[in-house]
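Going in written order, the chains are labelled A, B, C and D, and every chain counts its residues from 1.
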């Protein structure tokens, strides 16, 4: 194996314009770091309360079984045990969680604990609370559950067979949701085609981002007010609240969500509401604070697996020169045992329907089914990653089968910079970008010119070298109106985020956010934006760490998910800071006796542009309004406490034609990989990697580069090592980091980075949401492997996950995968 | 993460350790703990009593006497990597130890723990079989020596009986021995999918395959040329377990590749 | 996973049958049995501690005789709990008279339910093979004793 | 000595001596986090893979989820809380911030202890040596390169910078 030493130094930044934005655009030191490098962060499991009890779940060893009886008497008899919670109590005390889906998924009955039946290995069937962590587990081991095992359904492709095991009686079958998407004129595209490429089956594997901190909570119940305080690392409290409130038959203001530091989220910490409900019930029942620590194995067994998706009977209409006209495919999506955020994945993919390409005619039949596996939920790149992998795979299979150059096919079909803003066949508007230029930068970074020499050199060492590109999109700031394409009854649309900025009595600038950052440095970037507007420095701006729904700085869609902070979060911060700046000027105009137009905010003062000596320190402004306001004009409406709700411009998409703009911004990734395969074993290494990203104007380049590097590491892990694999009985075979191998320091290839900055015309700061990436690395590796193996019988890379043994199988029997593809010449 | 209740004792002499092991039902030795503690977290196998050997400095010594390199059972991988005795008398042991897991594990994990746990994916069992090592096992009624090829009885099963303690591991000292080790792992320094150790001494060829059976599989092909090594692996007719990382068939193939590569490394060293 | 095999006993079929169908003598063939309870002639429970180098693998195993045709065929199910996973085994044996002795054809299908991971997968097969070996060896002993 | 299910132990953590009764089964990381309330060190896995619980015990870097608290009786333990004496960040801590070697900060305490141990043994490690030295610590945010740069810079060496 080749030992990589260091990342190559190349970093290219090309800007279509480089506006001077004060602190914005600079690598200001992160406010979060000082506490985090000293072990002074406050993560959920660090929170202790007097007399708190430790919860431990009793989990199902079966993938599918009826629960015949549960006996907790031995557990409750054990010294130090405070009490238990069972499914039947949950069913009596709560209502099933609200379902997003239209029928049949709408009929799923999902509770905080299994009621009557378990549907995946690890599903919670009971909770035991005790004085210590160890005792809680001892007691959980004493709970006697008798099961009647049922056959397990583990293959989504079999879910709708008449003889398939049935998960939910209420849904009459395993279908959760299906929909036909058809845009343009697909038949004419095929009529016009010179070539039709048919691909029998492509599979996007099941994995997730496995944040290093698992889920958890410390829940307190206030008997007097009937209010719960939920310290948790849930990353979308707004969503958790609307799931929990109705189920618990309580008002949302009775559910106070508090978060400081979160140890990574990546979407995987959105759907912990069932566990949070269980802890709320226990805190009330046992009248004491309840700690819930989710352990690694628990997380792997139950939490937020990424959507596994099959693409069946794909047909692609192409001109002889490689011009892509359109495609047809049948997507079969495996939602797992319950619908916790699904079936939203059934529409989210449509944000990037054509990928980066200009084809106009698309037909996709989406079928989502339920299986005896862990429930899926958002995972970095949620649902778009699956679809983008599919479109990229299609491009490279087309090039492979028609003997065309993948670079040329991309350049021929990419949406052009001068076509931006570009409206996709389904009405989404790509705001800005230049994919061809990004590709050029990537090719330069990876030394594409010398590819042939590299191949020869590798061959001389008995290695097969392959080159691959992944060009993907990171669509950010959802229009929640897209949920109506799943269920027209839903009353969701648009999006929003809140921030407040106030000037305190001693002139302290205090910012509160509605977001729940998990390492994205919101305290830092928010302080930069505020500093630029108020004419102070980021050090002068105190951004409260974390989230507290009692700060009154959150809205229905508050949280940190779906690549939107740079748009919604900073949009809200800018709005609030502008409001405050305006109030300060209005106060200044009264005190300094001039018009607000004569005033500017600079160096911690509001001052006259013409005569900077005539200035009022912000401290004085704070003091006057808060403590020294006698004699101020009655009509001076100034509180120096500005709250702003940012609302992106969205319409409700058309439910009939499934047409409309689903997201506001489109960050782009064009990544390129070189792999070397050992033909004797199938073992391979990524030996060089180039990542070129465009997320519009960059507020904090270092943070953005960190997000790109992290997303790339996730993609490389998913391409080679990471899988949630199940056996035929529905046992998870990778329940821990021993079997679920994630990249370690020695596994990372050298990565060079490049940037193109195409400011978004649709956002106040020219920024685009980013951070999820589009899983470009998964595709780049797939394409590179296909290229490397070309001379060994031209096997087709048909899975997003290619561990060594799959590569070895492709080498040993290339024909097996060749069977999946055929080309019809018209 | 949360262990079942267990009793703990930290003897200050080997004799005391053996008394504790013999005197308590379900007592097990606690060496580095890098395997057993994790198994206890899973609450799968669980001893009733842990006899902590970590204060028995005598069991950590590494020495060369005449033709023999003797490594105390409690010598850590880190110690073995740094040992001048190992370097001059059987460097392959340091080389392979350096491939095990990570710094933290190498700082705690011991040669004794590695071979007594005998997880099929461990590095040292096949290596010691190939090197024709021998293990010194002590019980209430004295010491006995067990050759590596008789030591391993099954997964997590060795010749160390109830109330007995592995005290040291010996291998022939041979500075320029033609030894080689090859493996295919999940990620760099990750879990072995397959591994093989080879030792060439004159016309004697010893190859031990790991990961393919409950115990290392010893092969003694007539020659070290590739064809006879491959033939030896094929004739061994191994039936490796399948798991999520590799099918039985793939492991069988990798075993052959590793054997050839281990022999190749060995011959280039000799 | 499936394991199967044949074993020859130098004892009459009836003797082998009796041993195989007596919980007590079967108990003696199993490794580390430290408790045994017969509920009726079709159901019995054994508390075993499979001795492994790392410490005992504690399991409570419930046996149920599913089918029998004296003296040539029987089928049992065994369900072991207590290691954070559940071990299910279906085993059957056929006895044939074979020149002066008895030939036993046996088969077992073993599966584990729970978050076993590759540890379970990789380790299960060798452990089962190992334990089957032990059982057959001590079975022979039991048959000899019964045969006097 | 007879085996016991619990034991009174004395440990010195970051210079402070603590005496506590502890169950024999309690892992050192839980003892430090829950009994001593030093919550800087974290738990990220069940299997000794992630390294978030790494501490330096009697001068040696170990994963404290594979060590019983009773085994640490009489030991000198260093945790992340002990690095910045009097709030003054070490070069390494400052370098982690300068090079954006942390995002969520959950792996950071263990990562810092591993890097601290590495630099004590090898003051000028090469990038390859740093990767080997940090192999036992999983980070899911950064992709590692910024961490490798931070350690390189903290050791006073030229960094192949990404800026």
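Assume a residue touches a chain if its C-beta (ideal position, glycine included) is under 8 Å from a C-beta of that chain, and two chains touch if they have at least 3 such contacts.
Bear in mind that the values here come from a model prediction, so they are computed numbers and not experimental data.
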Worksheet item: Where the contacts of chain A and chain D overlap, which chains show up?
Response: B
Worksheet item: Measuring centre to centre, with centres taken as mean CA positions, what chain is farthest from chain D?
Response: C
Worksheet item: Does B-C or B-D have more contacting C-beta pairs?
Response: B-D
Practice prompt. Give, as an integer number of Å, the spacing between the C-alpha centres of chain C and chain B.
Written response: 31
Discussion item. With centres defined as the mean C-alpha position, give me the chain C-chain D separation in Å.
Written reply: 48
Worksheet item: Whole-Å distance, chain B centre to chain D centre, using C-alpha means?
Response: 28
Worksheet item: Can you give the whole-Å distance between the Cα centres of chain A and chain B?
Response: 43
Fill in: Sites on chain A at which at least two other chains make contact
133-134, 295, 297, 733-734, 736, 738-739, 743-744, 746
Response to the item:
Listed in rising order, chain C residues that touch 2 or more other chains are 84-85, 117-119, 121
Worksheet item: Considering chain B alone, which of its residues make contact with at least two other chains?
Response: 1-5, 38, 42-43, 102, 188-189, 243-245
Worksheet item: Using the touch rule from the top of the page, what pairs of chains touch, sorted by label?
Response: A-B, A-C, A-D, B-C, B-D
Worksheet item: What residues on chain B touch chain D, complex-wise?
Response: 1-12, 16, 20, 24, 27, 30, 33-34, 37-38, 41-42, 49-52, 54, 101-105, 107-108, 188-189
Worksheet item: Taking the complex as given, what residues does chain C use to touch chain A?
Response: 84-86, 111-121
Worksheet item: Which of the residues in chain D end up touching chain B in this complex?
Response: 1-5, 7, 23-27, 30, 43, 46-48, 51, 54, 60-63, 65-68, 70-71, 73, 114, 117-118, 132-133, 135-137
Discussion item. So in the complex, the part of chain D that touches chain A is made up of which residues?
Written reply: 23, 25-26, 30, 33-34, 37-47, 49-50, 52, 79-81, 83-84, 87, 89, 93, 96-98, 100, 102-109, 112, 126-128, 130-132, 134-148, 160-163
Worksheet entry | chain C-touching residues of chain B, taken from the complex the two chains share | 26, 28, 35-36, 39-40, 42-48, 116-121, 154-158, 160, 162, 213-214, 241-245
